[in-house]
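First subunit A sits with subunit B, and in the next complex the same chain sits with subunit C.
Presenting the complex of A and B:
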């Protein structure tokens, strides 16, 4: 029974991780660039959700669409004004240059979060009771956040694989030249991908703070978490990344129980090192 | 009546490098024209420039009389230039059917259905592979997908960049055998090819390219008997 409890908790946590990782994966797939401001966007959106629920008394679920739309718009503007020009001017060094730009951007966002919300860890009290099923108890907040996040990832997957605009995005990420040969406006696809990726990261942030405390400094941990999942699942591989996210969720849930709370936080680092040593090819792009 | 495609004085390059040094070329309506040239002559650069993937620095590129030089590449595709690029540039994890759909996006639904039917008639093996990922196909099948994808954009002019690369002679022949049907559908063809015999066998007219310039041109029959063609290849 305990095993089942840990498994279900892990799967729910994994549902949230899928969203955390998939938004990074989307941007990477189309732009060929790892967005180092990813964790900062999640943390900032989490802190915004804290502020929003405290001010309005509304459900944090209401913060999800607000964070998504605001971040997607900001992402589109940032992509057009900052990242695209840098990538265009960078030639063969464009990937490195855009890494530096997003790294700088992450510091600006973290500083912004510090100025707006302070340095303390905060959390959003939401659905603090549990649902019980026989001898099992499930935290309602985790169930709702995990299911909501998994649902959004599922929508992303359906959009990518079952609509023409989604397939155009996959096409542009697998061969930009091939996409142009289909009459696809690749520049527009890149803005769309970046906007949706940043929007989903913010949506993830609004859900993360429901189950764990967040501070501006959490940005680095969230970046690492997303990296580990993408490295395990395969860059650009949406199904692989979803599986890796759920496995990490289960591993954390089990490790947290048997080895104590710290093990849970160390686990992503251990896995990252293990992956780098055992499967160095994982950090290459899946084509 | 204006030619399907005409270039005059086209200069283009990559970075500081000028590769095309003022190219003049014409493809008549329904014509199959081949650009022959050794390794590095500039054939791929020429086709990429026509398709808009490289912006020309000077000169004019007209599609049925309409200037297209300098337009964004995806607009040039929509204007009627189909491109089968070197290396094929397929989407390895998308299905054959997806490739056709993506190419057909630029057309109205009724026209899309017509094109799809005619493309599958031309390459029946693709009809059996619609659900298969492009990355898992054989080289010949991949080449067919690249051509089919370009044809789905309903082009007036089809650019083919060395479609023979890596294919068995029998497969190359079956690709070239589609030219008469395409011509009948009003598609003009510009083929880039290294192999003299192969290129001349498939074309009405030919140009010979060397160091980014057209050095010879004529009907396929004329050039087949011209020893200067071979001399150009050997750098004489």
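Presenting the complex of A and C:
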């Protein structure tokens, strides 16, 4: 039974990781934009959710669509005015330039969060108990977050592989010139994808705040975690990232139980180094 | 939250405009204004951002209130006080750079230490290199003072006394085993090791123990605790991890008879984040509202008036630092670092926290952290018995 509970805990933790990483996977893994503002978007949306529930008394789940729409609109504007010109001008160095631009953007968003919400860690007391099945415990907040993450991963996978607009995005990311020749409005496709990616990051933030305390400075930790997970799972590989996140969650769950908190904390980075050495090919974007 | 941020923004605008208006006033006032005594500049860093921000913000407010009170009564040596501070981002490296700046570039007259032992340990070599007598309201690890940092002067109860009344209380109530957790940080490890030693001394079985890094997932640790079935769970950490641990224990369906956490539970944000899960959690505080110390009631009233919220013991420690520094400056009629240090280690000062007395190493003697418990959404002092506002409510129920 202990093994089963460790497995459950690991899968639920993996669900949280999928939630944090999958939207970055769309923006970085598929579009090639190294979005260092990803963590800041999650933190900002989480803090907005805290404020929203405090002001209205409403369920934090209501904040999820609000955060998604608001962030998607802001993402679309940001992509058109900031990211797209940089990516076009950058040529072969566009990824590096996007890294620099989003690095600056992350600082602006963190400062914005500090000014709006202060520096304190906050959290929303929602779904704090568990569902039980026999002697197995399933944390409610993690189950909800995991279900959302699974749905998000499935929809992204279906969109990219089984719809015209998704295939258009893949085509535009692989060969912009070829995509234009096929009649694809590359600029429009990229705006749509970036907006969806930022919107999903914000939706994730609205759920993360019910799982763990968030402050503006949490952005850096979330960024690091998300990059490690998509690096382990494969850039642009939605199924791979979901599997890697769940396996990482299980591995951390077991390590934390038997070896303690420090081992659990360091495990993702040890695994990342091991995979970088053993499988360097995983760090190329899906084309 | 919005209104308070707007208020802060307004105060920020006033703060920015103040030097400009002051300059204009000097021009208008001519020679008389120019002859006015230069203010005494007190420098410090504070963790306005980063994992220490929640607790550190109280320390800053205590210092700000202390300085405002002093200025309202004419300042020290006939000179007003000005606070110059920077955000060290909870980063020891950033704090070292900023203290270097405060000492060599800003040339502040006096220094106060940052929040946390972790950051203080990093800046200690600098403080001692420049021989700046630095009161430390937020650094509770005794080794900082006992191991050669003569210019760091402790100003709070040491971290080996955090939650030191919990295990004796639990044992007297029939507890036989304990789970102990410590965050990998200077103060929390000192607390953790002290509680491990205390548990052994009391004959309590240590059913589980671990140290951990700042992390979000406590499910494995909570499961391990659940399987060890301890009567007491005691964690030495900070606010974010204290919230995460309580949630994870609840998710795993385990409620120990006694649950104690240092630092986090005394912050208002803790009660908001956990709601009923916080009920009957024990914590510690070096100061309390009902202390019958000189000026304590006035401190609470002034704090509420200035910040529209209640202080905690970090705020009291910040305020106390100004009280002790003021006593030293006034008694020595000087800003000389040697004289100030010599006075502080040879005199005791009556403060809102009680008598503060540093030994020759700068280690505060006699001060301890008392114990509080969350009872139906309100923190109540339960130890020492002489000042107790309520009896301990046993057991922790987890709901």
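What we mean here is this: the second predicted complex is superposed on the first by the 269 of 287 C-alpha atoms of A that agree within 3 Å, B and C clash if a C-alpha of one lies under 4 Å from a C-alpha of the other, contacts with A are read in each partner's own complex, and residues count from 1 in each chain.
As a convention for this text, a contact is a pair of C-beta atoms (placed from the backbone, for glycine too) under 8 Å apart; a residue touches a chain by one contact, two chains touch by 3 or more.
These numbers come from a predicted model, not from an experiment.
J.: Where does A:217 make contact in the superposed view: on subunit B (first), on subunit C (second), on both, or on neither?
T.: A:217: touches subunit C, not subunit B.
J.: After superposition on the shared chain, which partner residues are touched by A:130: those of subunit B (first), subunit C (second), both, or neither?
T.: The answer is second: A:130 touches subunit C but not subunit B.
J.: Does subunit B (first) or subunit C (second) touch A:121, or do both, or does neither?
T.: A:121 contacts subunit C only, not subunit B.
J.: Considering only touches as defined above, state whether A:6 meets subunit B (first), subunit C (second), both or neither.
T.: second
J.: According to the stated criteria, A:264 is in contact with first (subunit B), second (subunit C), both, or neither; which is it?
T.: Only subunit C is touched by A:264; subunit B is not.
J.: Looking at subunit A, does subunit B or subunit C touch a larger number of its residues?
T.: C
J.: Check the residue A:167 against both partner chains and state whether it touches subunit B (first), subunit C (second), both, or neither.
T.: first
J.: In the superposed view, which residues of subunit A touch subunit B and also subunit C?
T.: On subunit A, no residue contacts both subunit B in one structure and subunit C in the other.
J.: Along subunit A, where are the residues that touch subunit C in the complex?
T.: 2, 5-6, 9, 12-13, 16, 51, 54, 114-125, 128-130, 132, 137, 139-140, 142, 211-213, 215-217, 221, 252-257, 260-262, 264-266
J.: Give every residue of subunit A touching subunit B within the complex, in rising order.
T.: The touching residues are 91, 164, 167-168, 170-171, 174-175, 177-187, 287.
J.: Can you list the subunit B residues touching subunit A in their complex?
T.: 15, 51-53, 72-75, 77-78, 82-85, 88-94, 98, 101-103, 105-106, 149-150, 152-153
J.: If you look only at subunit C, which of its residues touch subunit A in the complex?
T.: 1-2, 4-5, 9, 48-51, 53-54, 57, 89-90, 181, 184, 210-221, 223-224, 227, 239-240, 243-244, 247-248, 250-253, 269, 272-275, 277
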